[in-house]
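In what comes next, chain A is part of two complexes: it sits with chain B in the first one and with chain C in the second one.
== the complex of A and B ==
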């Protein structure tokens, strides 16, 4: 008995890998449709903030995530774009992460297809090109954005576009949202949000979510979407269930597997110690 | 020689550092014009830094292949990966979409980089689960606190965990989401705030040391 328990405590990690693979595989193939009841307070806050903006407000979206964090962050970005378009806000999209350009192109490809087919490029939204130095871009956005973004990603002049009417710097915009798997959101708060009193919100991975608590408490961030759960919450709020919601089943089962494993290992350890 | 190698670089660093720092607090057209110039320069210099990094990477892996160091075969994949992205980028003139269809760069990004990068990151999940099984063992009071906090966070962050909590402890009228909220907004924020303040003070001190020429490592060893 004791030797069996000791063996279980030193279980081959490949068996754990296999268990996780099985647990992740089935909900991906056939989603369980678990109800997502408790919506995150910070997710609701960002939703409410966008809802409170008058139609035609300009929202700046800095989508700074690459394929590594795609499962968590891409559904967040899609949900935010859908919500903003639904309320007839204007959107400016760009990235400060070289690996994110393809993510933005995917959104650009999907907008006319299924995100918001009625929206017109140049009138309702614009996509700016990648720029390599984040802090330089952020500082310049508060002074005169056309010094850096005078052309869109295809080389068309942005100043004459209808979507940019009345927009000169972030002071003319209503909200900035940074969706990122890096520490860029901190830089956005420091260089743009605080300096120009510009409302900022963010979307981050679940692992970095706890780090933004101080910004949320002080109001430096109007809201925060954290990880796949945050994406699923936002999809529930806008009633557009997508990849975030379908991924939450896998996430749930994987979490439960972790709980089972760590509780079991502790029980075995106690049994071996006291019996 | 000292003038060119030391004093002039130190003077440039002091003047640019002081002006840039001052410009942050002075919303004047002159300082804004200055910042505009600096921002453009930064963007250009940073672009060239990518090129420098790339050359350094290539030389490093070239030397590994030349010397046949253990694992040198993996270095070949650096060049393969580079060519798989850069050749399509040149062919497509840097564009990923041509109207509604993907260019070769768009295809390489979506079906090569996307898949490889996603795979690398997702492998972490397997290691995290395996490590959690070994790491969350209660061997001390501190480990017990970590275990309880982690357990509540894991349960409270996913719908299935919340359903399990409601089923087992619903009679207490305490929601796991409320406990998670408390953990996130009190102990986590307190710890994080302390780290942030420490980092900020460290960053300010380092910046001042560089501006005033006390910290000179960026100048090299000569």
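== the complex of A and C ==
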């Protein structure tokens, strides 16, 4: 008995990897439709904030994530764009992360196809080119954004675009949202949010989510979407179930597996120690 | 520059997205993902190839994005328009490159000096406001009136935990008596944070894994000629062969990794 339990504790870790792969892969092939009943308060706060903005408000989206964090952050960005378009807000999209340009291209391709086919580029939204040195860009955004973004990513002048009517700096915008797997959201809060009293919200990976608690407590962030769970929450709120929601099945099964492994191995440890 | 741009356009034209290129992309994505994950079984040459490709492709992508979206429009086009003021930041930026040449590396100090001065001037006041003063204000805000009872309880817990954790990191007083007790309580608060952070980390990593599996499932379809199945089968075949060859060479003993 004891030797069997000891063997269990020395199980080949590759078997655990295999079990994890199976529980994550199974719901992709056969979706279980597990419910997502607990919506995060900070996610609801972003949703409510965007809902409260008058139609035509300008929302600046800094999509600063690369392929490494795509599964968590891309569904967040898509849901935010869908929601903003549904309420007829104007959107300005750009990135301060060179690796994110491909992600933005994908969104640009999807907007006329399935995200918001009725929306017109230049009238309802604009996509700016990548710029290095985030702090310099953020500072300039509060003074005169055309000093940096006088042209869109295709080289077309932005100043004359209808979407930019009345917009000169972040002070003329209604909300800034930074979706990132880096520490750029901290910089947005400091260099734009606090400096220009500009409402900021964020979308981050689950790993970095707990670190933003202080900013939420002080109101420096209006809300926060954390990881794939946050994306699923937002998709539920806008009633557009997509990649975030479909991942909940896999996450739930994987978490159950981890809980079972932790509890089982601890029980075995106790048995081996006291019996 | 126009010549270079033309060459680039011609080169990029070769890769205009066609269904054939999409299928090729699917095979590459599935193949590289599985090659990277093969490390979970054991180290192998396919993992090494994928790892180096990842680094190379990443650097190449950043280079072309910076070149075409920043350097060309911000420096070259501006110079062509007669805006010679961009020479100042350009020369300062280029001065950093002299680091690679020891005899003239002193020139890089001018660029670094500018970065240090500009950075410090920008960062220090904002960081003090955002991460210090605003956080102190946020900690005591619930007690300033207007907040509900539970907000005050939350605020009290945060303030208490904050002070205890500070005691844990206060090294100038010997940890004994009240200081020791506060410090010990601080450890529990830290453990709670680490627990929450670790839970979120696990969830985040699973989300990323799910994302790759979702793509692998997509590439396993007939539209991609069963890329995932084929690559997975080839990798398994390699490991089986490797095992058989190793068994003969080492009498069944795998080398330690």
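By our rule, the second predicted complex is superposed on the first by the 275 of 275 C-alpha atoms of A that agree within 3 Å, B and C clash if a C-alpha of one lies under 4 Å from a C-alpha of the other, contacts with A are read in each partner's own complex, and residues count from 1 in each chain.
To be clear about the criterion, a residue touches a chain if its C-beta (ideal position, glycine included) is under 8 Å from a C-beta of that chain, and two chains touch if they have at least 3 such contacts.
Given the structure is predicted, the values throughout are model-derived calculations rather than measurements.
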**OP:** Applying the touch criterion given at the start, work out whether A:35 contacts chain B, chain C, both or neither, answering first, second, both or neither.
**Re:** first
Original post:
Touch check for A:108: first (chain B), second (chain C), both, or neither?
Top reply: first
Original post:
Is A:132 in contact with chain B, with chain C, with both, or with neither (first, second, both, neither)?
Top reply: both
Original post:
Does the superposition put A:87 against chain B (first), chain C (second), both, or neither?
Top reply: neither
Original post:
With the two structures laid over each other on chain A, which partner does A:16 touch: chain B (first), chain C (second), both, or neither?
Top reply: first
Original post:
Of the partners chain B and chain C, which touch A:262 in the superposed model: first, second, both, neither?
Top reply: first
Original post:
Just chain B (first), just chain C (second), both, or neither: which does A:147 touch?
Top reply: first
Subject >> Touching partner for A:189 - first (chain B), second (chain C), both, neither >> reply: second
Original post:
So, A:5: does it touch chain B (first), chain C (second), both, or neither?
Top reply: neither
**OP:** Could you tell me which stretches of chain A are touched by chain B in one complex and by chain C in the other?
**Re:** 17, 20-21, 24, 68-71, 98-99, 101-102, 131-132, 135, 139, 195, 206, 210-211, 214, 217, 227, 229, 251, 254-255, 258
Original post:
Across the complex, what residues on chain B touch chain A?
Top reply: 24, 32, 35-36, 38-40, 42-43, 45-47, 50, 95-97, 100, 106, 109-110, 113-115, 117-118, 120-122, 125-126, 129-130, 132-134, 136-138, 147, 150-151, 154-155, 157-164, 175, 177, 181, 184-185, 188-189, 192-193, 196
Subject >> chain C - residues contacting chain A, complex >> reply: 40-41, 58, 61-62, 65-66, 69-70, 73, 119, 122-123, 126-127, 129-131, 134-135, 137-138, 141, 158, 193, 196-197, 200-214, 217
Subject >> Footprint of chain C on chain A - complex, ascending >> reply: 14, 17, 20-21, 24-25, 28-29, 68-72, 98-99, 101-102, 129-132, 135, 139, 151, 153, 155, 186, 189-191, 193-195, 205-207, 209-211, 214, 217-220, 226-229, 243, 246-247, 250-251, 254-255, 258
Subject >> chain B contact footprint on chain A (complex, rising order) >> reply: 11, 13, 16-17, 20-21, 24, 34-38, 41, 66-71, 98-99, 101-102, 105-106, 108-109, 112, 131-133, 135-137, 139-140, 143-144, 147-148, 154, 195, 206, 210-211, 213-214, 217, 227, 229, 248, 251-259, 261-263, 265-266, 269
